[in-house]
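One chain, chain A, links the two complexes that follow: it is found with chain B in the first and with chain C in the second.
Now for the complex of A and B:
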């Protein structure tokens, strides 16, 4: 294809009537005649439907008959039809990047259906712009890369283990790296799991029992990821054990399942000042270890350190159900014990949790709504007891409760040490500290960087079932490139002119995909297989050292000049 | 022995689309069955999505088109699963393809037929507040972009047939039956809406300016019946005050459903912000009972609605909506549960947020596939904790709202989960160690 660059452009322009969608407004034969007058256009025709098999046949015929090396279709939107026309060009031996599409339907006939004469003129303008660009088009190649059929899973909690097992069962090799000496993560500290009330240890044993003997899973405990180089398909990973032992391996994909920590509410509601003020997480452990001595009255305070005005503004999602579950367990253990839950808005979402709220009410758990503006106060009372002074938002009055055990429901928070991992992987953290996905709505478990995925509480607070669901989800996402084995990469990528690059690093910082780094000479280097061709770097480069393939300045300027009616150079 | 391993996906909403794409993109053959003429589901009907305020169809359409283009994926729209037999690794599926009366090979989607069709009927896609022709595509971005003749309303005048230059109209088309052989099945049938007329005190169906949220969503949408102009349906007047009523039929033990739909607090917040964007001087009130802000970014979104957009949230039990028959204006009576007083407010429009409930048709799907349903009509997961997308039938998986209430991101992640489990079971059955 190299020689195409030297070739004199021979452009064919196929103009579509789209039934009467275009033809009913735009004088298509006139546009055909006009196209023939444009530089380097050697052939033009109109089609009732260029996208029909007949129309596609005409394109191929034209390429052969007139020796076309550039093809323009003036019709509808490239979003739906460009792949079809590109494929047709390829079938006829023309590189698909030598195809250009002009939208004279959405951008012309539909927008100006009551002004046919002006619409015809505009269609000519649009075709002229396409010709201006097509003359300067160059063939492009899509690289192919091989994908190593193995995955790195960072974090050996329920999410990481679930992902690892699912991938291993699909036949992929998995390296499961856990920083603690044992697998299990948060699950090791939990008592019973809602909604089934299964013992967490039972669930843990079952899944660990599946992971350990699995031949496809290599478990690295007491180990952390020290370095990751490369890109999707070929990440080179260095892992280090606490004892200094290191291992290097290559993986095709990476799953982040590092979980979360529980917020320590030091200084809030007398925590660490009074022994009988503990966290919900601590209560969970007391229940698990059968260490809870009978309290007379338990007061749980929800949203301790969560949904704040500043800082941890988010809702931690799981605390309300955690409180309801533990309230019921305390009631089961000690029916005479009073249990109060002081809440702001009870997050009993989904299928089952409203029923749990009703069940708790039926069993005598008392609920008091408080406001962010007037939070409860915990002060020392008589005989080592505490007094909780709370403004009851529904009764509109101040209420005092004497309690011998105050439970603070605190949110899940990101691990302190996760910033390092986010830098190693070049994946972002969001304003709440949790890992930030590619798109909140439609790419919830992908990172913007190809080949790296996130699941479980590393992504945001969630319960066991929700973590498992995401963990299975990433096992699908990560399996896709590994199953297809080879990836075709984007051809429209950024190119750096080393002689112009000043090494300022703006592009390195701004690239959303981590595709640019400074090389040993101190100039920017684009990893083409990671680049998505978004053009952000090109637009921000102060030295104009970056060019986008297929959207070069020369091509875009020629198009713009053609739009203004200026002659093309 | 089949040449390719394949999966049937039932339901062409966002969950079914995501599961299909995941499987097809990894090289499995996928049949995506959708009973309406286009894939897209509920998400296609939404104007924007919370909390990013992306245009819903703009982010969904590329995925729909990817389905259309993906060579491993066959979309069977206007089709329904009738019978399923066999077991994991070898299901036989009988599918009924309803007649569109259009030769889809020939139809180019140009729309000339609909321009000439003389019959106008309420448009399901616009929840009945707009109209379509008897020959129609449900919405401009439909996939496949092929017309369908609605047999019930077609006059058989033949005008479309005469106008179609592609000669695609075939009024003699008959229902067809297709048989498929698949290794696994994913069910993603989504949700339907609680009938808000059952809360007769709010006047839905009786008062023109009482809407349900999905109708309101269409009213906000640029592709909706008013072209995105927010007007009162009774008189075309620009509303000055709008009230939302949350939990219509949900979280209720009296003639509704006991569960929380999990999305309404947030979409009401989104719609409230959109109102303020459209008409800055329009006041917006959200009458809620318990604000659910549990998802990623939700609390910040609500805080923004309160502080930046001036949306007013009132914790209340709305009792009744009364219409002034001359003006069409509405009075909403409510008990403010913070101040413990009964009050009323005059508004121009009331938007009801009805419970999102499992589809009634899940019962039939359950019978066809042998799936257990819970007391609400959701498909039951094998184990809600550790096997959320597995069912009582090996090789049949569930995802999205038909599994339990959830929002779009959760449906997307869960769809990938169902795809993973389907692929896993296929891989294991190939190596004969299914568990």
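Now for the complex of A and C:
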């Protein structure tokens, strides 16, 4: 497997301006000139965008013209663009493990945009470190693994069911796990959905009716995912089922569609103190069950517990439209009822949604803008009524409104028990508590971990149309490896030098994947396909008998010495 | 000119490196001093990497990984924590400030936290001043000490103890005897001290043969203790009697090669 020939490194360094993202801060031509002075660098150039087809063409051209056998691109983070540049190298006949990336955008020009001189010096150092590593890089061969053509979908709401159905229709086996006793999630509690005024139950029944009889979908309700081990193509899952049994099975991909909860604004605006202060969510249920008695005046307070300075700083995105829709429904039911909407900013962001704002104005819904600094106060008034004291931000004066029903528009929040799932799957939660995607623009429904995807309100507050779009998106993302059936695994794995191994077994105990065992000779042996390449065994081996491919001791130390401006001995 | 520290960061690919990316994406500025090395897991950080970096004059070293429970590789970060704990004990004996080494947890969504930590650490190192090992003329005593520390960190005993810490505490040894954290820490303290001193003895006698008396004076150690270490080093085949002056044996190093 190890490539026999030891060639003299001929390194090409391609330095990206990234438009003005790097070039506007770092003096790129100076870094190019500097790169040419580094050992084994035979060619360097700058590109406006190295990732453009022109830039990629330049890499291939450089490889041919200067006989390059190592390539460095100094641009953005390897976490997004490394696969693209590696593929380009492969096309030009350079093994992809002979490629190295220098992150001079996220870690340099963007973070140090006010210090261009220092940023240029840092960019040179980062390139020097990449060269130090590239000189020691070795070509690697990758192993192929089989992908299990089945998926685990966690969450049986509209998002989970939509992606399950989409995958099942493509012929993949799907395990749909829902923690509640029934499928449906949030939609089970909603009344009508904007902008079409579709009955939530109608939409729901249709999709549940598609999921339940589908032969490719195994539906488990009152069930919880307890353990997930493995990696893309081969995740071993344990699910605790409602009947107390534990089901163990293997899937190739995992979709997280766990949805969200509605924030309970206890202690805000008299909620839970006065019976006639309720949430928008509760109003939905009253409307749905035809239980809403005629109020004389309804006051809705937007951004209750959302867009705060600390804590829930985010906009929940759906509350403005939900308030407009419910205001119109109340007006339709009881035309005499006064409806007030107290808002900070009315964000009717979507296609056609602004019409709803106008429609509500036409029907006589009254809008009052309030400030975060002077939020409304709700106090008990006469005959069980409430008085809302609000500073009218446009009139610049205090206004009192008497009301017999106050509706609080509260944001969607993450489930309290989701931390456990995030740890089981090893996928992150963002500061707002929602699941955190690999890249906001380039990989908006992937997790950084291959083979795990996120959709719907588990990711962030969104309406049904947006949830369904994402659900279809993840289904198509998850279908890719399952349709291709085979995947190549990273060659970043551990390798034992048998002549140094004393058979102490420390690595066997440390490996989190059980990828190392002692063979018949009593020395450690790595099962490469199981090894995930963390390198903990290498860093712990008492005899220093383990080499981590692509992150060898020599390579890492060379980078550290280069960072300090010292040459490798 | 003001002192600009050289800081080397060892960051895991999944959490802390992504956190550093996010700091950039969010345009959160922090001092330019840190140079980042990307590893797949903080568990890859061999104690020797850190010591080698310090030997070569880094003013500070930051190791960053995922928060406990979030590690992409189950518990590589906890292995790192054990290694750093041992390293700090080792560095504390060399005369170099152990605060030059710092371990922190940063998640992929904590761009702000990353920037804050780098800022804080850079300021801390600025206040501490340049490393005695930086520049053209490193402090010879501390340099020799830290090289001895490196040699101890390369050696079997400390590595095996760190590697087996979890097992010894949680599962027990081959006889099923569990060790408490306190007992383990005590054992580790003794091992660090012993291995460090042995490395120092080895370094000294490698230059020229020494008597126990001379070694005890140079290392400021009880002669009985020096003799005990010599016995261990002889048993390990690292030291032997070079020559005898009168009735005093002078010990010398055997080249340990692989």
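As a working rule, the second predicted complex is superposed on the first by the 351 of 569 C-alpha atoms of A that agree within 3 Å, B and C clash if a C-alpha of one lies under 4 Å from a C-alpha of the other, contacts with A are read in each partner's own complex, and residues count from 1 in each chain.
Please note the rule applied: a contact is a pair of C-beta atoms (placed from the backbone, for glycine too) under 8 Å apart; a residue touches a chain by one contact, two chains touch by 3 or more.
Values in this document were obtained by computation on a predicted structure and should not be read as measured data.
Of the two partner chains, chain B is the only one touched by A:353; chain C is not.
Legend: residue contacts after superposition of the two complexes on their common chain; A:556 is shown touching chain C, with no touch to chain B. When the two complexes are overlaid on their common chain A, residue A:468 makes contact with chain B while staying clear of chain C. Touch criterion met: A:314 reaches chain B, while chain C stays clear of it. After overlaying the two complexes on the shared chain, residue contacts for A:449 are found with chain C alone; chain B is out of touch. Using the contact criterion defined above for the overlaid structures, shared-chain residue A:496 touches neither chain B nor chain C, since it reaches no partner. Once the two complexes are overlaid on the shared chain, A:79 sits against chain B and chain C alike.
Residues 79, 431, 440 of chain A are contacted both by chain B in one complex and by chain C in the other.
By the touch criterion stated above, chain C contacts chain A in their complex at residues 6, 8, 10, 13-15, 17-18, 20-25, 27-30, 32, 35-41, 43-49, 52-53, 56-58, 69-76, 79, 83, 107-110, 115, 154-157, 159-160, 162-164, 166-167, 258. Looking at the complex, you find that chain A touches chain C at residues 77-79, 103, 105-108, 110-115, 118-119, 121-122, 125-126, 129, 422-423, 426, 428-431, 436, 440, 448-449, 492, 500, 502, 504, 506-507, 509-510, 512-513, 532-536, 538-544, 548, 551, 553, 556-557, 559-561, 563-566. Those residues of chain A that touch chain B in the shared complex are 18-21, 48-49, 51-52, 79-80, 83, 162, 166, 169-171, 193, 195-196, 198, 203, 206-207, 307, 313-315, 317, 345-355, 358, 393-396, 431-432, 434, 439-445, 455, 459-460, 464-466, 468-477, 479-480, 483-484.
Chain B contributes residues 14, 22, 25-27, 49, 51-52, 54, 59-63, 65, 68-69, 108, 110-112, 145, 165-166, 251, 253, 258-260, 262, 290-300, 303, 337-340, 374, 376, 378, 383-389, 404-406, 408-410, 412-421, 423-424, 427-428, 431 to its touches with chain A in the complex.
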